[in-house]
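Shown below is the structure under consideration.
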Amino acid sequence: MTAVYDMLRRVTTATVTTMLLKKGIRHCWLKGAMPLATGAPRLVGPAFTLRFVPVREDLATPESWGKPISTRAAIEAMPAGCVAVADAMGVTTAGIFGDILVMRMARRNVTALVTDGVIRDKAGCMAANLPIWCQGTAAPASVNGLTFVGWNEPIACGGCAIFPGDAIVADDDGAVVIPQDLVEFVAAEGEEHERYESWVVSEVERGVPLPGLYPPDDAARARYAAWKAKRG
Amino acid sequence: MTAVYDMLRRVTTATVTTMLLKKGIRHCWLKGAMPLATGAPRLVGPAFTLRFVPVREDLATPESWGKPISTRAAIEAMPAGCVAVADAMGVTTAGIFGDILVMRMARRNVTALVTDGVIRDKAGCMAANLPIWCQGTAAPASVNGLTFVGWNEPIACGGCAIFPGDAIVADDDGAVVIPQDLVEFVAAEGEEHERYESWVVSEVERGVPLPGLYPPDDAARARYAAWKAKRG
Amino acid sequence: MTAVYDMLRRVTTATVTTMLLKKGIRHCWLKGAMPLATGAPRLVGPAFTLRFVPVREDLATPESWGKPISTRAAIEAMPAGCVAVADAMGVTTAGIFGDILVMRMARRNVTALVTDGVIRDKAGCMAANLPIWCQGTAAPASVNGLTFVGWNEPIACGGCAIFPGDAIVADDDGAVVIPQDLVEFVAAEGEEHERYESWVVSEVERGVPLPGLYPPDDAARARYAAWKAKRG
Amino acid sequence: MTAVYDMLRRVTTATVTTMLLKKGIRHCWLKGAMPLATGAPRLVGPAFTLRFVPVREDLATPESWGKPISTRAAIEAMPAGCVAVADAMGVTTAGIFGDILVMRMARRNVTALVTDGVIRDKAGCMAANLPIWCQGTAAPASVNGLTFVGWNEPIACGGCAIFPGDAIVADDDGAVVIPQDLVEFVAAEGEEHERYESWVVSEVERGVPLPGLYPPDDAARARYAAWKAKRG
Amino acid sequence: MTAVYDMLRRVTTATVTTMLLKKGIRHCWLKGAMPLATGAPRLVGPAFTLRFVPVREDLATPESWGKPISTRAAIEAMPAGCVAVADAMGVTTAGIFGDILVMRMARRNVTALVTDGVIRDKAGCMAANLPIWCQGTAAPASVNGLTFVGWNEPIACGGCAIFPGDAIVADDDGAVVIPQDLVEFVAAEGEEHERYESWVVSEVERGVPLPGLYPPDDAARARYAAWKAKRG
Amino acid sequence: MTAVYDMLRRVTTATVTTMLLKKGIRHCWLKGAMPLATGAPRLVGPAFTLRFVPVREDLATPESWGKPISTRAAIEAMPAGCVAVADAMGVTTAGIFGDILVMRMARRNVTALVTDGVIRDKAGCMAANLPIWCQGTAAPASVNGLTFVGWNEPIACGGCAIFPGDAIVADDDGAVVIPQDLVEFVAAEGEEHERYESWVVSEVERGVPLPGLYPPDDAARARYAAWKAKRG
């Protein structure tokens, strides 16, 4: 997948969603998973999923952190390069991870953490150099509102279904999921789409109106073909 | 568990939540899961869980209904007497089951269907004689908004964590979950609590004010003890 | 106020809101406070307020029910004829009152209970013969989600400000609050408005279109005046 | 369209949504538009649209009811048999129509009123014999929260786009919109689908499990063909 | 209007809302329309409206971008200096415009884009030098969740009614709408209010408590008059 | 309390919530109250409460600002060092305070303003040097949506109960409330917890996996004891 992932790194999440729409897929952008720090480079990786259910007071305790099914154990199972995607059910009152867990993930060369929930210890998380897409920050720990139940299962995240191994692309416009079977299609079509849009931008810059340009009529199509041929 | 379940059938869901609060458990009432038809008898059974994630257009199709992991297959795995509890993520725009699936569940002697989502084919579902607790009704099928991913896993339902085998009690006040380890405690304490409340009702009926009665002061405690002794 | 309250009993809540709009008041209908049982007669009374804040686990316990500031003590302070209005902050997961407290309120000749929250022990509450306007039913007790802090203070309820002594009118369209200073205005204007609308209904029944009738043009105004004069 | 509408009257809204999914349409069920009275017959008609925007206090007044662009004028423009569909932006605190307007619509032989908002004067509306699908009831008038801006424009209603002339089908599961170009397709396919489901019901009644039956495998397909042939 | 717009540019949106309250108008601040980049100068212009309804899958497609009623055509109809106000129904999962359309709007000397929805291609939009007030950013295109239906009609935006030609004022506190008939009133009163508040600030700076100062008692009124006279 | 407050200033809000969980308290983080400016130092102080109810148009007017029960009067009652906590019922469309009131609070040496609502005049508020935790900014004044009713009463704020005199701690992760009786416990336990976590960080930095470290097994506990002893 490495070559395809490299291609995807040059395709904006905006373009990814437009390519997926060609296949009838509208549920691919993870609502709520926005960059904790803006301006970071676009990141791509296979999804490693984490699943939470609501708090049950007898199970969701600091003691649970030492159990075999725990966020700690899940982190040790993460392969280098993966994007950890956590189903926090959109809960914004309990931070699923704090600085210590985030540091450990960075150590294990995880590419990014993506969640429809929030993190805690914001300052420490930012210092840990793990790019994070989330809804924001809260002081309480996950056990204040959530019970961790497992990893690498199908999950919900931000209104999307995520299956382990799906591709995640994340940039300033948020995070999107590409079903595993469509990764090559999106990468190839996306590359061409980015090329076309860069030509459209140059046209708009010289004052061409959009009707007939984007989407293109026959004249625009011809001008684009010429530009593309020249560019090589 | 049969004897304990019989005891629970005489304990209101209101009392169950008060008993669970003694153990520090506040997340036990399934928000949104209300009786489709009011006035039904209280029902009790072990939870059989069903799990949905959001729709992915390439997976959530009528064709998916024929796959090995499908709501159809899940129904065939339900043991008689269980309460089917479905995590529909609170989605109210896609009915997780229609009349045909509900009829089949009734045939298999499922005790009840409980969900934080909605059902479809309301008239047919009501005719099928399977008691249902849900948020209401919608015309679209589950695949319009949801993808089914499995059964008998821990789930979220109405803001609660549900583990397979937990006890579900459902009546006109909604549905509650009792963690498996606390079922005997709740049944025993609940029975005494119901007895006490029935005495309080008789006191209120004869005009006794609530302060000092509920909760009881020493005098009320003595009167209750006498009433209880007499009653045998 | 008795005579004015008698007049108000003949004015629909719909008309009350239209009369209040003449005074620039748009926030007067209590969102969420709907009749638990439909078809009851219209009820009117002065507001007796109850105030809850969110649960704090060290304070919101069954033990708190025996303290001086408790829902029990508040009920004993309610004068006959009042409408108890409870600010439950719109919380729908904790029933502010169950059957026993409702029975006691009925005993004390409270006119009605109105809340933007929910009640519990639905069957028992319906049997207690206290008319209730609320968002519905939940099994858990108030202490599961709320802490009671006092009575006869200004409160929020359903998006409205309620001050002790304001008039509450409740019917099948819900519950409305009339600021104390405007009660006489609303009663007098409302009576005339009801008369006018009953004439409009008779006009619509005989096939008159609405433009020019409601609101009336000069011709309609004359016809109405004649009808009113004849009716005496 | 009369013949097609007659066919649609025999197709449940649940089936309509399943047929539309075959064409990739998932946004067709009007969230919030539920029957005010249950158990009514299924209704079908072409959409006549009404559009509201939020209240602006200088425009949304009882005086506005006499202006050329008013709900009154819109009602007089409704053709017999149409289904009036009102975009109330999901607002639940202002009733778009009361008993008088509803009476006039019934007089004009409007088939039904469908809205993602609420109505007022519930008792009067129920008496007026105009079937209504809505979110419920509120006492305040439309001008308390909404400004009426026009009719027979494209609108939003319950999360769906509605264009004048689209077909609306409404029953106990709610209301659905069929794009004008797909009405014949849905009617024809829907009729066959209902026939197939009625056979499935008979199979479930005699104890056949769902896997292999719904959706059908080859054996089931053959049994169904035989049943259909026999039935004629 | 140019002179009045120049005056409004010196009046904060906070002051605009206080002046409109004098005329009974409380619905004038566009909820959700916040500056994409903070610290920009205050902007003023007449509203040019755009209207979206929910996605209908057969209409909301990339192909629709080439149709006569399209966002592209709407942009070509925008006069220089206008503020484009888009009714996106508060949808946050589909960006109504991306960098290319925003570039074209900047080219056409549009003053600003204001919406209760979101934009996409955030980095490109920020580079295009068109000030934007919105709820944030999403990767998917408008057609993922919305259908464009027209321009220069009355619209809803952020809980307000907007009519073409109303004045829009936008700064760090968000965007407000001034009904066309009230623009001169707000400009004149707003200028005096700003002067008064700047005097109050100087008073607070020298330690004067607020009671008696803001709102002013007679003594404060006199001090202010003196300050104003001196200032000339 | 000064010494205890000094200790708390070294304890993160994240740690405070974990310590309170040991006492069974999960409702202690004020949802919505986030820092207006990030990167400020942690602040601690006793809560001075302010209470709003919804707007009533006859009471919530600019004229009300001059009444005895007004936000102005409340500010004059604030003791130096307090944290003003305002119950704005989570309303985000009316700014409870603008720059002038915030300036006066800063003048009176208030430590911080914390609310589940929003402020207005953002630029002026930031310049006034009063740290603020809130949901954001809106142009309209409090009277646009809220009626002020009093101070130093128990309030709701961000889903928590706040009693006057409770300790408030606020930093980049938001604001938390510590019940007055638990302040010493949290300060003492929190200090030790911070020490332990700083050791864990050093362990993670040298590559130690989390299972067995956090929470610690016996080996880790011993290593920590040694580190602590050495550190003195």
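A, B, C, D, E and F are the chain letters, set down in written order, and residue numbers restart from 1 in every chain.
Methods note: a contact is a pair of C-beta atoms (placed from the backbone, for glycine too) under 8 Å apart; a residue touches a chain by one contact, two chains touch by 3 or more.
What you see is a predicted model, and the numbers here were worked out from it, not measured in a lab.
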| item | value |
| --- | --- |
| Chain D reached from chain A - shortest hop count over touching chains | 2 |
| Neighbouring chains common to chain A and chain F, by label | E |
| Centroid-based (C-alpha) most distant chain relative to chain A | C |
| Turn needed to bring chain C onto chain F - CA fit, degrees, nearest 5 | 180 |
| Interchain centroid distance [CA atoms averaged], chain B/chain C, Å | 32 |
| Distance between chain centroids, defined by C-alpha means - chain D, chain F (Å) | 49 |
| Where chain B and chain F are represented by their mean Cα positions, the distance between them in whole Å | 38 |
| Multi-partner residues of chain D (at least 2 other chains) | 24, 26, 55, 159 |
| Chain pairs in mutual contact under the definition given at the outset | A-B, A-E, A-F, B-C, B-D, C-D, C-F, D-E, E-F |
| Chain A residues within the chain F interface of the complex | 55, 61-63, 65-66, 70, 72-73, 75-76, 92-93, 95, 98-101, 103-104, 107, 120-123, 136-141, 143-145 |
| Touching residues (chain side chain E, partner chain D) in the complex | 23-27, 53-60, 89, 147, 149-150, 153-156, 159-162, 179, 181-182 |
| Chain A partner contacts - residues on chain F that touch it in the complex | 12-14, 16-18, 21, 26, 28-29, 31, 34, 159, 172-174, 176, 197, 200-201, 204-205, 207, 209-211, 214-215, 217 |
